[in-house]
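Both complexes below contain chain A, partnered by chain B and then by chain C.
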Partner chain A sequence: MSSTAAPARREFDIDRIFLGLCLVVPLAALAIFFAYPLATVFLRSITQQDGNIGVANYIQILNAPSFWRATINSLVMSLATTIAALACGLVVAYAVHRCRVPGRALLIGAVSLPLLAPSLVQGLGLIFLLGRNGILTKATGLEINIYGFWGLLIANGLYALPQAVLIIGAALRAADARIYEAAEILGTSGFRQFIDITLPNIKFGLLSAGFIIFTVTITDFGNAATIGGDYAILATEIYNQVVGQMNFNLGAVVGILLLFPTVIAFYLERVASQRQFGSVSDSAVPLVPVFTPRRDVVMTVAAWLVALLPIVTVVIVVYGSFVWLWPYRFDLTLRHYAVKVAGGYDPLWTTVQISVIAGVIGTALLFTLGIAMQHLPRAAAKPIYFICLLPAAVPGLVLGLAYIFAFNNPILPVYVLYGTATLLAICNVTHYWTQGFLTTMTGLRQVPPTLEETASCLGASQPRLLRDVIVPYMAPTLVSVFFFMFMRSMVTLSAVIFLVTASVSVVSVSIMRLDEAGFTSQAAAYATCTMAIVVAASLLMRASLWLLKRKG
Partner chain B sequence: MRFWNAFALSLLLTGTAHAGTVTAYTALEEDEIAEYTAAAKKALPDVELKVLRLSTGDLGARILAEASNPQHDVIWGWAVTNMMDPRILNLLEPYKAKGVDKLAQPYHAADDKWFAATGYMAAFCVNNERVKAKGLPVPKDWADLLDPKFKGEVVMPNPVSSGTGYLQVVGILQQMGEEKGWKFLKDLDANVAQYIKSGSRPCKAARAGEFAVGTSLAFAGIQSVAEGFPVTMVIPASGAGYELEASALMKTSKNPADAKKFLDWTLSNDAAGIYGKYKEIVTTAGYKPGEVSIKAGLPEDVTKVLLPIDFAKSAKERDAILERWQKEIGR
Partner chain C sequence: MQLELQNITKMFGNVVALDGVSFTAAAPEFVCLLGPSGCGKTTLLRLIAGLSQPDSGRLLLGGEDLTRIPARNRGFGIVFQAYSLFPNMTVAANIGYGLKIRGAAPANIKKRVGELLDLIRLSHLADRYPYQLSGGQQQRVALARAVAVDPKLLLLDEPLSALDAKVRTELRGEIRELQKRLGILTIMVTHDQEEALMLADRIVCMQHGRIAQVGTPDELYTRPQNRFVADFMGVSNLLDQALVREWAAHLLGGVTPPDDHVACIRPEDIVIRPDLRGARVREVQFLGNLSRLQIEWGGGMLVVQETGRTTLTPGAEVGIHISAENCTWVSPQ
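Let's look at the complex of A and B:
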């Protein structure tokens, strides 16, 4: 900690300028790369067929029965996914952070698999397993119908789970052992401790996680397309309008309407989180869980049961990539690894670069914005907070198209970026902004305020405070955010499909092309290579984090 | 160091066109593109060909979204029904490619805005094992699929999102006439397990044994048979609906001279020699399909099994047909 002689005068100006920059740079980025493209979508939605401005498009959509059916389906699906993923996410996060369960890193890795797997993998894995000709279906002799509500719920749940674990985990990491000791002395049972101490403390994390799951589920398209069958949802409705009928304006209407459930979810979350939530004091003693057989055995079994599904789904696709002809000839072969797609494995390296850029830009912007927001009055922070939650509500498809409308214009200075890897990276940062933002904020809330005050009383300037106090405290969260951005950029498809060019392409597009061309096993092979790279990157990062910890 | 230089360079990687570069947007299939571009490179050594491949629907969205500042020189092999959208036609420059005059009338536009060297047609992929296990007959024509035994065993592409789905619907409507056609589609709906979003997926679902019959593309069927799946490709006995893969020059092309050279090449004998490997329909007169296709059950003269499709009509009625389909059948 900084204990050097304190300068008599506090460095107001440096602090001001520093915090100002922390606020302005991320907000400017959001304005250019999120608000402006979204405005072009809005403009499209109110441009009528005759070229005039008006609400005719909205009336047409609101009068279509298919829209309401899709809306109800979307709401039901998102609520069900939220409940299921929150429950499972809490089990896993609690087991990892508050219990002594074997293989904690493995558990986290297992539930993270869907995040690092290209979207095709989940649908494919579930079909390989539970499809009408799937392994489990054949083994049990049951006619399971995976296409539709249940398949979609499982696929969405798998995808939402790691995001839930990430955010709930950030909340659970902070705990004051003294409170639990006190409860122990007072004879409070473990269960009551959980209900009365743990739950209120992580309420903010739970609400944030719930909000994120709801929003990403309602905007997801990939799972609905692979395994949703005829279960129509709003994102597929947009796809039908835009890609099927080439009607951007009606698609834009649905895109804009999709913001509403998110706004409502946001409002509910805010109302609920108005009530106080625990924050950690400076003298908090980190909680080291002791082995409690009754709790830990149950939690081990429960957490590993949850983790089993993502493991099996991914493993079966990896296995499928080595099989001669799924599901008819099971001899092993490497033939699918000689991919026929144009450009071969080149997009893999381009994607790694894009993902690193996205990770760096995203983490830097989110962290500085978070720091700045902590120093803003509540009234000013609130609207920014709201804006930061909106990106999750925009389906990738809409975002990608919006980027074309917004940036394919030679008059604009940003046009230099059009068609570049950098724009792809920026698009990914925008697309996953909300998740990163919530994780950062949850992490920042857990830097004890008194620690900061002490340092600043001792005369540490803001930049110094950041370096010596906040960053070390936040390192695990920052690494999580970086890694989240990196992973998602490696595999995301829906937005970037509109931004790839003849020379700059990414992995997920190659995988989709292979799958479309009928080379499913090659697509699985390509996906396997991608996952191998992400896993290797993740191990590297964990190792660096571990070194960082040891040094500190 | 070199890595970092390359890295820095890649930050600004663009499809910048230098002289001799032709950028093509295409919906042709992945493996054929690789072979065509290799051949084109040999025939046109000073043209650098850059290709962006997207599915028919995605490509349409992309072209229209970029319409204010198109990034490509030519459209290469894209569904003619989509090409005939007035918003697309507006972007095209009439060009009479070398060899167009040898094409039959339905295969090129009267105003020379597009021509089609190849095409694809509807066909069923029937999974032999599933048909046997379920005790089903092998369907020979669309009407056979009405048999209640097929309930829940037929998958079709969704015409709203898939060009293949639309060509199947149009084929049925133009063959049977409005009234009978719609009635047929509704009757068929009772047996359809699901409407899948892309045109080749029904075949993939059938070949994986998920369903007995996938109404799909002949090419998907041929490919599945060649790969060794237990699949029979069936061309509807009363005739198959089809789609042309049209090519065109963009008004905004920055390199029209080379773009035209490339378009000429797509109609050359050189190119036609390769088409046979991948295409069920090649418009060049006197063409014979490749061995793999014949083995899978494609007739020697494909034109005999094609329905007389009116593309101008199917393009014009597209919105109305899809709206009605969504209202009366869509799920």
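Let's look at the complex of A and C:
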């Protein structure tokens, strides 16, 4: 077993080559599929009609009253949604984590429903309830116009609720029971404890959730497309410039301008999130709420009222898809499942295919990048970390637009990707890169360094170490990242809407087309099929995680 | 097999972690790197393992320069404080992992793993997963995994610190026995002087990234070279020369230590003479098999240790005697 210096050096190089590839491949992917497309958007935004470079497009947009109306609408809508979703999210999260309420898991499941559905489902549900042919509209005889501000507010609120509950819940969980016991002994009332201890402790969590909701809302397209009506916002403005008026460069201008609020909100979110979750004490005694009738009864009612909304919207879409003629004939039928849209169910299978590719590519790239970053000095890892946070600040529509500019150009070699399922998958990977990256890094940080060091001392090379030690240890994280990419890719609309072609299309687009054409029940049928697949994927993920956990 | 460290230096930013460390050790020695936290002992062990690189200095094993050889090609065994068993592998797979990497035949791996399981008396747990084992059992598996590949050097990084007192004492004996039987050159990091005294053939006592003293446990305890070693290796009374000259001049008879050196006298080397006067008992602590007394003498306090229970009570007036052979002159740093 005597090792000589010569072979040692050679194998050493294999490790370095491997780690080098782990670093270069994901970074090259980010350069080609993130940096380059965004640069083209910027370039197009300053390319004037006469072909020269200049700010004429910006001047034209900034002088258009419609742009300012859309901007004000977008800001008002995002602020209103932020306030509403924060309030509702706090109610549910507080009930789940700090009160004794029945059906906690069900509550969490109910508010998470919008994550499993294409973003158009909230809009569809509201149309079934309160639209011109809505069941409540007919029952009450009232003339409610759900298309517009209020409908969009509810739909956006529902869409943002899962994230709000998740982040506020995490902040509420990090509580130290001893502080509350001390307050109790000092004679502090429950309400005072909430005002004086709980709120100050979760304020950065609330801020973080607020900025996330703001970003999600200002960049959302699906809800605005289904239920926004005449309430024009920036996302629909981009879509109209590009698809309606074929004015790509003006669309690019609006896209660049939309980056400002999202980048700022995203930056503030990172700052707030670090303040809230940066230093969690290990020695904290977990808080176990004691049954307090006055508080818990009120909170149970309030939380279930909030949770009822997503349940009702989703259930009514599923139900509506099986009903003969909403809201007149309620006998059950499958006739809406014979969809009258170009391609029929082909897009459903294409989307599954895209989602699997996105899951595989995304997980592989994020994991290898994470591995490489762990071997980099801090000074080199930090800028890469920062770059990996950027995709979250780019609205899906802007990214989609960027992909047209970057890849729909026959003279470039990357044109071979245009119109393929692979490009749509890569677009989704880029779109959801940041969340996947953060999850991967958290998972990697949990691998004890001594485990790697032990394997190294035993003679394991980097690839071997990965296979035998890190991948088994990280398996739950990798499964989570894969299914995250899969499920997001199944339901996303904004980034891919510009990239679909007649032969390669996705479910969200089919649902939108059906809804636009007035086939609301068929849209519901299509959405139900999609949700069935996403729910199945979610169950599969839970089963895999359970199996992994059981194996130890 | 001889390990030789030549003038090893390592910086972390502006902090000097190791400052010109040199020593040699040869099989079948058991060497303890001992010192308080932050003294550089773990850094030194990681450099020997190849898990980090020295800024300057050389590391030789059997005359061969190790400095540029990565950890995985050094063929050492390592055991960490946190067990660090691979959670996805059984006990047997953990022990056999190093052999598997080296491409050993499955039959040979099985045989070797079987021998080692017998040695650590865990044969009945071969198919268990680490989480099903107690801390002591996990650490024994980690030890077996480290020695399975016949390492040229066995490195132990505070292997007993995570265990509770009783298991620690048990495993301490087992480590010593295993090491003797295999005759592997072993280097262990510890901050526990009792552990070092019991296990080591030689102790490398470290302070602020430098070696304070190297020697056998007996040398370090009875003949510390400086105040730090005297203090760190158990309890000591340190008396400056002026005090000694006035109150116990016979300790300076025949020796002329440098001016700044102080006298180091172990508590058990001070004899209490109830028939004499000049000192007063201030406090008595009962420690089971020992009694520890604080005695006012020469304007200061002495710590004195007696075997068993003492009949003296606080306030009693006594005399003390220190014999010259029990006095070691140590440098102040």
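Note that in this section the second predicted complex is superposed on the first by the 310 of 552 C-alpha atoms of A that agree within 3 Å, B and C clash if a C-alpha of one lies under 4 Å from a C-alpha of the other, contacts with A are read in each partner's own complex, and residues count from 1 in each chain.
One rule holds for everything that comes next: a residue touches a chain if its C-beta (ideal position, glycine included) is under 8 Å from a C-beta of that chain, and two chains touch if they have at least 3 such contacts.
Nothing here was measured: the structure is a model prediction, and the numbers come from that model.
Contacts of A:401 after superposition: chain B is touched, whereas chain C is not reached.
Measured by the number of chain A residues touched, the leading partner among chain B and chain C is B.
Contacts of A:476 after superposition: neither chain B nor chain C is touched.
After overlaying the two complexes on the shared chain, residue contacts for A:459 are found with chain C alone; chain B is out of touch.
In the overlay built on the shared chain, the residue A:450 is in contact with chain C alone; chain B does not reach it. Once the two complexes are laid over each other on the shared chain, residue contacts for A:127 go to chain B alone; chain C is not touched. Overlap of the chain B and chain C contact sets on chain A: empty, with no shared residue. The touching residues of chain A, when paired with chain B in their complex, are 66, 127, 131-133, 147, 225, 229-230, 232, 236, 239-240, 242-246, 248, 325-329, 340-342, 350, 353, 357, 401, 404-405, 408-410, 416, 418-422, 497-498, 500-504, 513-514, 516-520. Residues of chain B that touch chain A in their complex: 7, 10-15, 23-24, 29-31, 33-34, 37, 50-55, 57-58, 60-62, 64-66, 68-69, 71-72, 82, 85, 87, 130, 158, 160-162, 193-195, 197-198, 200, 203-204, 208-211, 220, 223-224, 227-230, 318-319, 322, 326, 330-331.
Looking at the complex, you find that chain C touches chain A at residues 49-51, 64-65, 68-78, 80, 82, 84, 86-89, 97-98, 101-102, 129-132, 142, 145-146, 149-150, 152, 155. Within the complex formed with chain C, the residues of chain A that make contact are 1, 3, 5, 7-9, 11-12, 15, 448, 450-451, 453-461, 464, 468-469, 472-473, 551-552.
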